[in-house]
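Got a structure for you, questions after.
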Amino acid sequence: MNWQKVLHSSIGKKLVMALTGLFLIVFLLVHCYVNANVLFSNGAENFNRAAHFMGTNILVRIMEVGLFAGLLLHILQGYRLELKNRAARKSKYAVKAGGATSTWYSRSMALLGTLILLFLIIHLKQFWVPSRFGGLSEITYGNQPYHDLYSQMKEVFSQPWVVVLYVLGCFSLSWHLLHGFQSAFQTLGWSHSAYKGLIRSVGVGFSVIVPLIFALMPVFLYFGWEIPSGGLTLLF
Amino acid sequence: MLDAKIPSGPLENKWNDYKGHVRLVNPANKRKLEIIIVGTGLAGASAAASLGEMGYKVKAFCFQDSPRRAHSIAAQGGINAAKNYQNDGDSVFRLFYDTIKGGDYRAREGNVHRLAEVSTSIIDQCVAQGVPFAREYGGLLSNRSFGGTQVQRTFYAAGQTGQQLLIGAYQALERQVALGTVEMHTRHEMLEIVMIDGKARGIIARNLVTGELERHFGHAVLLCTGGYGNVFYLSTNAMGSNVTAAWKAHKKGAYFGNPCFTQIHPTCIPVSGDHQSKLTLMSESLRNDGRIWVPKKQGDTRKPYDIPEEERDYYLERRYPAFGNLVPRDVASRAAKERCDAGYGVGTSRQAVYLDYAYAIERYGKAEVNKHNLGHVDAATINRLGREVVKEKYGNLFDMYEKITGENPYEVPMRIYPAVHYTMGGLWVDYELMTNIPGLYALGEANFSDHGANRLGASALMQGLADGYFVVPYTIGNYLADEIRTNAISTDHPAFVEAEKHADDRIRTFMNIQGSQTVESFHKRLGKIIWDKCGMARNEQGLKQAIEEIRALKKEFWSDVRIPGNINEMNPELDKAGRVADFIELGELMCLDALERNESCGGHFREEYQTPDGEALRDDAHFMHVAAWEYKGDSSWTLHKEPLIYDVMKPSQRSYK
Amino acid sequence: MQHSTMNLTLKVWRQRNSKASGGFETYPVPGISTEMSFLEMFDVLNERLIAEGRDPIAFDHDCREGICGMCSMVINGRPHGPWKGTTVCQLHMREYKNGDTITVEPWRANAFPVVRDLMVDRSAFDRIIQAGGYISVNTGNAVDGNAIPIEKDHADSAFAAAACIGCGACVAACKNSSAMLFLSAKVSHLTLLPQGQPEKRQRVVEMIDQMDKEGFGSCTNTYACEAECPKEISVTNIARLNREFLSAALGSGD
């Protein structure tokens, strides 16, 4: 059996969702780690240096292309599956079982995904577009100029509606992950009874902690809170 | 004269000799021969798969939406086989011996010995198919004892042995469907046998979805349509189980063997009201630990736990001190009926007895205390420990009881009552499983052949699979070898036209009656007549009365039944009407057979023929024969007798005192 | 158990055949005993409908003891009703109280077209089995039953998967009408046994292929199937199915 046939099978389509999903989860982890710098009192410089590295390193730039490709695939395949699955039942139930048999977020992955997508469009426009195509002020560390992405964050998150929007976006992400994380393992067939508990706990932990850290960023910047770094440096 | 065609020679060589000399059909000819199989339970599915594998062109039919749903699926306990894996002295001869004796000496030695011989191959075949039998930690097959035999020869898959065996046969069948050797017709019901030149040559079947009648040709026709327990209306059979195919064959000339031999199972959940549609069996194994009792006072309405010990009648222990609660099925059933009829029954219907686990719980609890050296503990602890043991052994049965009755059997004694479970009678067949109509075969519960007057536990599954996997694939060749020159007959043949017209006329007659009573109400009334007068105990007067009542009921049915809907659509009421009409006719024959058999044997208990202490009294001098009834027209039959010859077994009286 | 009667209202899906369009009809059903099974309530209603000269409600049922897999009703949105590990025929009326309104619908999925009223056509399941849900062993080919020792854990897991009754509640419960629980139960049953090993690669690939052709949706792991399965088949089987499929489809086989 060849790849093409596999990818056209129902499990193959899910395999694409699972693999791209896990890839995006890895990205989230890196992204979260880098950005968590801004929570600390010495965050500005660390963060700007890290952002500079991410924006200039050739390997990272290649990965970035892959990231967008994966994201796009995840989105398109997700919608295709959603449409196909909806079409598999033309005559709908008058009464629905609702939460009696499954969680609402497991049934609402397309909706949650769409909310995340809308959030992403705004998010990319606010940060990724200016950092790649210009529009950020510069700051110098040790005679070398860097994009001052940190100031951009400060500015963007000075508007209350943006902060609220980001926090809501993180909620969508959390629920999406709460189902998606373990679902990916199930689809890949790795959810053996011996590891089921572990996957579930790690999944729940990830789905709560990562979005929480993300949500704290706009909140911290808006209120001007920071964690004393005490010499702790998160990156490099 | 009925010729059972039993091969000559010593009993243990008959089947081997037969196989060695039987005529064969070469592979090229097999492809030209068509076989129709009606019913896809254990017998039908296994036959269809095996014959398809051999290269015959098979057409299989079932009334359910899938062959996997046949009622073989509901068998709980297990399947017997003379493997002697437990090294406890089992052998082919011992299985043969137990089966003949269990059948109260009313089965053929030749057939039963063959059944015992092939029993071992069945287990091998099923294991190879992936049937998940229970296993020991060493990875080998597990056995349990069952139905009062002295050896452990029963193979099982928890409480779902029938399901697992049927799924095995069903998968083998579907494999042949995929290979194109079997053509499967689901939601189809056979309504006529087509006879050409004295041979069975096809069937008329009704497509239950569209209502269309279809003609199907076959060089041979196999009926694997199960038993007729639903003649009683209430039974442990599935709602759709029916006698129609067998009855149509009977009306075309096939003899019906021993119709009055029916098995009443002692441990079923009792009827809860007039709305009751079917009865549920509780595995016989419950009698191993439970004690059966009724109050000593008639019409006692106190709660069971309010009735003190000295006011309880443990009637089985009282009547049968040697076997107590473990007497055979027929004896236990009759004893329960006797108590209820005398006014000692319990529950709202007063048609139930108690099956009490309080003693078992206490006994197991105390044993646990001893085992774990817990010293002096209170009654509540003993009770808790005892319940845990009982739950481990019988938990699924207790859960099932609670679902149906809403009562917790750990707290309150279960209410049980006997229910119709299996029919030993069926179409008469010879050693080759062929009826007296050439080319028409009957397999499994649909035939009469192997269980005599009483079937032992875990033997029904064995017989169904033996017939389908290992008997008919050999014996059918002996007939088809002569058919290789017969080309497929066109279904435009006048015999097909006429048979279809007959089926069609009958359906139109049903629809045109436009009376006032539902099919269901007639079925209930029929069931009550048969249950009361041709059930666990029968007598001459009652049977004569029953025949009159059934004739009157038949007249009323044909003039006042109401069937809604149309012919050319899915119409379950119309399907049911045809089945009930056939049950009514069969009911009359059952009573006639019971009336004719002036003795008691196995499940057939004639009150006039009992020992002084109320046990079944056989009359071997006059009734050691198969009663094979020939249909002669409306309410008219001729009896043919096939003598039973015991070369090896010595018939004796059973006693359980 | 205290025996009592109650009056209920049923809203039942009526549909003449697979081509006709269907709709709900409402029936008052008075005098229902708490001791009746859910299907016996339908018997009572049908008897009355026939007496009134109306068409009774067609529904699939046979063994009425929870094993044949024929009965199939979605009751207030729940396939087989609200009891856990139970088929419709095992559901009893003491679950309901006087005055309740109960909505009853057929299994709904394109792959299970309605035959009439509450009856659906589940032949897609048979075709999936035909695609490979068996072990290819002709009658008479078998070795001695004890020649193949099987680890008890594997035998027990295979049995747990083989308990599937093919009723289709998993499809009815799934928001995507996916048949993955059904399919995974069969693949697990056969793959866990040594007898099923020789054909395991081909089996899983062919069965998935057939499932896709039948028009079932795909699994999105909501696990509603497991929650509604009357035999409580575990979704661990679906993970095993995915694993078997991916290794069969992508492994070289060399």
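Residue numbering begins at 1 within each chain, and the chains themselves are lettered A, B and C in the order written.
FYI, contacts are C-beta pairs under 8 Å (C-beta built on N, C-alpha and C of every residue); 3 or more make two chains touch, one makes a residue touch a chain.
This one's a predicted model, so the numbers in the text were calculated from it and none came from an experiment.
Chemist: Of the chains shown, whose Cα centre falls closest to the middle of all protein Cα atoms?
Modeler: C
Chemist: Going by average Cα coordinates, which chain is farthest removed from chain A?
Modeler: The chain farthest from chain A, judged by C-alpha centres, is B.
Chemist: If you average the Cα atoms of chain A and of chain C to get two centres, how far apart are those centres in Å?
Modeler: Each chain's C-alpha centroid was found; their separation is 38 Å.
Chemist: Rounded to the nearest whole Å, what is the centre-to-centre distance of chain B and chain C, using the mean of the C-alpha atoms as each centre?
Modeler: Those two chain centres are 26 Å apart.
Chemist: Could you state the distance in Å from the CA-based centre of chain A to that of chain B?
Modeler: That pair's centroid distance is 63 Å.
Chemist: Over in the complex, which chain B residues touch chain C? Could you list them?
Modeler: Of all residues in chain B, those touching chain C are 46, 49-50, 53, 64-71, 73-74, 83, 85, 121, 123-130, 132-141, 157-158, 160, 163-164, 167, 170-172, 174-175, 177-178, 184, 186-187, 209, 236, 238-240, 272-273, 275-278, 280-281, 348, 400, 403-407, 469-470, 473, 516, 518, 520-521, 562, 564-565, 569-570, 572-573.
Chemist: Show which residues of chain C lie in contact with chain B when the two form their complex.
Modeler: Going through chain C, the ones touching chain B are 1, 3, 16-17, 33-37, 39-40, 43-44, 47, 49-51, 53-56, 58, 60-70, 83, 86, 90, 92, 94, 115-116, 119, 121-123, 125-126, 129-131, 133-146, 148-152, 155, 158-159, 162-163, 165-166, 189-190, 193, 195-196.
Chemist: With touch defined as at the start, can you tell me which chain A residues reach chain C in the complex?
Modeler: Per the touch definition, chain A meets chain C at residues 1, 3, 5-6, 9-15, 81, 84-98, 100-103, 106-107, 109, 179, 182-183, 185-193, 196.
Chemist: Applying the document's contact rule, which stretches of chain C touch chain A when the two form their complex?
Modeler: 11, 13, 22, 24, 74, 76-78, 82, 103, 105, 108-111, 114, 173, 175-178, 205, 208-209, 211-212, 215-224, 227-228, 235-236, 238-250
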